[in-house]
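Next up, some structures in C-alpha cells.
After this come two complexes, each holding subunit A, first together with subunit B and then together with subunit C.
Presenting the complex of A and B:
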C-alpha cells in the first residue's frame, strides 16, 4: 500500500521528461515566435523588440488572405483525395490473405521513409519531357510536341498524394482490417446495391477514423514547401512558401511569425470545428 | 606515403617547437560548402604564410540566419566570426544596425586599387570592402537556339517555345534588366509608379515562362536536357556545364550581365580588427584575386590589367561589358511592397 503511494508521489518525476521535452522543443519556440510576431520590423536593418500589431494587420491585405485561402483549399483537396484513395486501398488490402496484407503494410511503411524532396525529384523525372511520361507518349506517337507536365496543379497534387498516401493507409488499416463484416453482409443480404452499401454502410462506419486521417493530412499538407515550389507554379505557392520568402529571403521575421501564428490559429479552429461536427453527427446517430 | 607522413610530422613538430611570439588567429566565415572549403584550402594558407596569422575557417548559414546570429551575439558583445563574406543586403542591414567595425583604409593599401572602391557609410566611415563578384547571365540551350542573344530584350521578343525559366524573387535582377533594357536606366525604379511599370513589363513574359525556379539544380538540369530553352543563371556555374560539353551558352548581352558583389565585414564586437584589416589587404591583391578567379570562378574586384588572366580565363568568370547592378537600397526600402506586387503579378 505504502509502496504504491510512494510510486504515485514520485510519478511527477517521470512526467517531467515529456513535459520538459514539450517545453524545450515546442512551447519555447512557439513563445519566441509569438513574441517576434509583435516586434517591429525595420526594413533597412533588423527587427526590434516592440509591441505592434502591424504584422497581423498585413494579413488582411488581399494578397495574404488569398494566399491563405489557397493554402486551405489545396491542403483540403489533397487531404480529401488522399484519404479516399487510402480508404479504398485499405478496403482492398484488408480482403487479401494474411501474407499479402503484411506485404502491403511493409511496403507502405517503407514508403514513409521517402522525404518530400526525394518524392518531388522522382515526380519531376516522371513528368519531364526529356525522360518521363511525355517522352513515352511521344515515342508511342501519341504526342507530337511533348512538354513537361510540371509545373502544374496536377503535378503538385500527385506530389501530395505520394507524400500522404502511406500515412492515410496506415492510420486507417487497423480499424478497417478488424471491422465487423457481418453488418455489410447483412445489408448485402437485404439486397442493398454495392454503391449504396458503400455510401450508407461502409463509409459511415469509419467516419471518425476517416475524419482523423483527413485532419492529420490537412494539417500536414498546410506545411508542405517542396511540392508547391518544385511541382507547382506561382499560382500554387501556399502560405508556407510566402512565409519563407518574407522571413528568410526578405529578413522580415516579424511578418513571417505573424503569418505563421494566424495560420496556426485558423488551422486549430478548422480542426476543432470538424471534430465538433463529427461529435454532433454521432450524437444524432445515437 | 610513410616518408611523406614522417616529413609532415617532423615539419609540424619543428613548427610547434619554434617560438611563436603572437600566434594570432582570425575566425573567418564564408558561405558553407564549395566556397568556404575552397577558400580554406586554396586561399587562406597563403595569408597565414605571409602574415603568420592563423585562420579558423567556418561555414556560415544563409544570409538571414547569419545576420540574426551576428546581431544576437553583438548584444552580448560577442562576434561569431572576426570576418564574414556577405552580400550587399547584409552589409547595408548590418550598417543600419551598427553591427560592423570601422575599417582603416590606410592600413589596407591594396584596397586603393579596387574597381568599385571600398564601401563607405554616409559619414565616410568604411565598414565593408568588396571581396569578390559574380554574374548572372542570359543562358540558352544551344540545341534549341544556336545564336547567342544580343540583348536582354530577346527574352521578350525571342521565340522560346514557352520554355523560359526565371527566378521568382523581385530582387533577382529581373527588375534591373527590364529597367535598363526598356526604360533607359535605373531612374524609373525610384518611385512606386515606376516600379509598377517595370513589373507590368515583366508580366508580358509570363506566357513564355514555364518555370519560376527556386531550386537552381532543377533549372540547370532542365536547361541541360532541353526542357527549358533559356533563362538567367550563374555564369560561372554555366561555364562548368559548357566545359562538360553540354549544349549550353552563357551570354553577356549588350546591356551587361547582372553583377553581384560580396563584401568582407568585421563585426564590431570582434577583438581582431587589425588582423582583419591585414586579411582584407591581402585578399585585395591582384595575385590573390587572380587565384580566386581560377579556383572559385569568381569575378575579380581589381582591374583586369593588374592580373595575368588569359582571355579564356577572364571570359570564364565575367566580361568587360559594363554590368547591370542590383539596386540593393531600393530593394531594402521598398522590399515588402515590391515583393507583394511582384508575386501578385506572378500568381495572377
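Presenting the complex of A and C:
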C-alpha cells in the first residue's frame, strides 16, 4: 500500500475530531433544545416529555413578537453603526505608517480581551450621575440639572459599539489595508470628486466584506445579554433577556427553548436574505 | 501652444529630490515614452502630470492651460495604472462607462460610447463579464478603453504591460500603437523596457536620477546618444576611450581604423553590430571569447581584450559559433562610431 493510499484510508479518523466537536458542542445542545421546545412545562420538574406546540404559539402574542422585532431593530442598528464606524476607522488606520498600523491592531486586539460585563460596568460608571460624564458637564457648568445617562437606548448602543468595534475593525482590516490605492486614484482621474469617491467607489468595493461584518455583528448583538440588562433598562430589553427570564427566572424551560428556536430561525432567514440580496446585486453587476 | 509643456518641474519626497529641472515639450498627438531604470522618477513625473503628486516647483501646461493646482478629477487626463486599478465591483461595460456616468452622460449615450470602445479594443461579447474573470490581456484592454472613453486631452500609461508575457506584450504594443494613431490622442507612456520604448514612441525621454538625460526620436537615442549613460542604457554599446594620431584611431594602444574629425582624445560609442570577427589580427584587436549566446537570429559574443570586454553581434548562420576561451580578432567599423559629448 502506498503512503498516499494509507493517508487517504486514515483520513476519516482525522475527520472524526471536527465532526465530534460539532456534534458535542453544537448539534447535541441544539437537538436537545429543539426537543425541549415541544415539551410540556412542569413547574415541579422543569418539563415533561411531550409533543405540544403551545410554546411556539405563545410567540405570536404581541408581547413576544414586539420584543423580537425590537431585538432585530436594536441588533441591526448596532451592527450598522459599528460596521460603518469600523470601516471609517480601518480606512484611516490603513493609510497610516506600518508602525502606527501595528499599534492600532494591537490596541484593537487588546479590546477583545474586555468582557461584556467589564465594558458594561465601565460605561455604567461613565454615564452615572455621581461620577461620570453628567458630573463632569455639571462641573464645567454645561449642564444645570445633571442626571444619570443610563438606563437608556443611547447608553445601550454605546455598549454595543464598544463591544463590537474591535470585531468589526479586525474583520475589515485585512481587506481594506490590502486595497489597491490606485483604484481610488483611477476614479479621481476619471472625474470623481473626492466627495463622491467614497460613495461611488470605496463603499461599493467593500460591499461583501461590509455585509459579512454586518451579519456577524447582527447575530452577535441579538445574543447580547448584559448590555440591555445593565445599560438599556426594561424598556430596551431584547429577546435574549426575555428568554433568560422565562427559562431561568420563571422555570419555563420549554417556552425559553421555543423562543430561542424561533429567534434562531428568524436570524437564519434574515442572514440568508441579506446574502441572497448581495448575490442578486453581484449578478446584476455582472 | 497645444500639447503638453513641462517647465522647470521639480518634486521632492521629504528632503529627497525625485524630479529636478524637468523641461519637456510634447506636441499634440505624439506618442512619448519616458524611459529609465527603476527609481529614476519616470512614474513620479507621470503622476505629477496626472495631478496625483504636487509640484515643488515649475509649471505644467496642457493645451495652453496651466494644470498647477488643478485637482486630478478636473484635468481630463486618462491614465492606465501599472496595477490597472479596474473597479472590482463593476463589470466590463460599467468599468468603461464609469467616467461617462460621472460626467452625467445619459444611460443610452454612454452605453453606445462604451460599446464603441469595447469593439475598438476587441472585447465584444464580454460586456457583462466581471473584471476578475478576465485574462491579463483582456484586463489591460478594459483599462485602456476606460481611460479613452472620456476622450482625454492626454493619455498616460504607467508600465501597463510589465506583468504580461512576452508574446502578449508584443501584441498589445502593436494594438496600442495602432489605437493611438487612429485616435490621435497625445500619449505619455512610462517604461523601463528600451525595446518597448523603441517600438512605441515617436519621441523617447531618457530619464536618470530625476532628470532628463536626453529627448529624441528612437533613432536619435539609438544612434546618437548624448551621454555615456544613454549609450549604455539604450541597447548594448561598446564605449571606447580612444586617442587619435595621424588620422588613425587607437584603442588600447592598437590601431582600430581611420578616424573622423575627432579630437586627440575622445570617447566613442560603437554598437555591437559594427564589430566584426576576423581571423586577421592586423584588421583590428585580438582578444579571447568569454561568453557566447544565441539570441534567435543573432549571435552575441563577448570578447575580453586585456581587462576590458567588447560585445559583438552577428547574424546567426553567417559564421560558426565561437567557443569560449577561443582567441579571436575584432575589426571595428568606425564609420558608424558616435562620438560621445565630453
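Everything that follows uses one rule, which is that the second predicted complex is superposed on the first by the 281 of 286 C-alpha atoms of A that agree within 3 Å, B and C clash if a C-alpha of one lies under 4 Å from a C-alpha of the other, contacts with A are read in each partner's own complex, and residues count from 1 in each chain.
Convention: contacts are C-beta pairs under 8 Å (C-beta built on N, C-alpha and C of every residue); 3 or more make two chains touch, one makes a residue touch a chain.
Being a predicted model, the structure only gives us computed values, none of them experimental.
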{"item": "When subunit B and subunit C are modelled together on subunit A, clash or fit", "value": "fit"}
{"item": "Touching partner for A:190 - first (subunit B), second (subunit C), both, neither", "value": "second"}
{"item": "Angle, in degrees and to the nearest 10, that opens at subunit A between the C-alpha centres of subunit B and subunit C", "value": "160"}
{"item": "Of subunit C and subunit B, partner touching more subunit A residues", "value": "B"}
{"item": "First, second, both or neither for A:86, with subunit B first and subunit C second", "value": "neither"}
{"item": "Touching partner for A:229 - first (subunit B), second (subunit C), both, neither", "value": "first"}
{"item": "Touching partner for A:204 - first (subunit B), second (subunit C), both, neither", "value": "second"}
{"item": "Partner chain(s) touched by A:128 [first = subunit B, second = subunit C, both, neither]", "value": "first"}
{"item": "Partner chain(s) touched by A:78 [first = subunit B, second = subunit C, both, neither]", "value": "neither"}
{"item": "Subunit B versus subunit C as contact partner of A:151, first or second or both or neither", "value": "first"}
{"item": "After fitting on chain A: smallest Cα gap, subunit B-subunit C, Å", "value": "44"}
{"item": "Contact residues common to both interfaces of subunit A (with subunit B and with subunit C)", "value": "none"}
{"item": "Contacting residues of subunit B [partner subunit A, same complex]", "value": "62-65, 67-68, 71, 89, 92-94, 96-97, 162-163, 168-169, 171, 210-212, 214-215, 218, 222, 225-227, 332-333, 335-336, 339-340, 343-344, 346-347"}
{"item": "Subunit C to subunit A touching residues, read off their complex", "value": "50-52, 71-79, 81-83, 85-91, 94, 98-99, 102-103, 128-130, 146-147, 150"}
{"item": "Interface residues, subunit A side, partner subunit B - complex", "value": "42-46, 61, 63, 124, 128-131, 147-148, 151, 229-230, 233-235, 237, 242, 245-253, 255"}
{"item": "Residues of subunit A defined as touching subunit C within the complex", "value": "180, 182-183, 185-194, 196, 200-201, 204-205, 207, 285-286"}
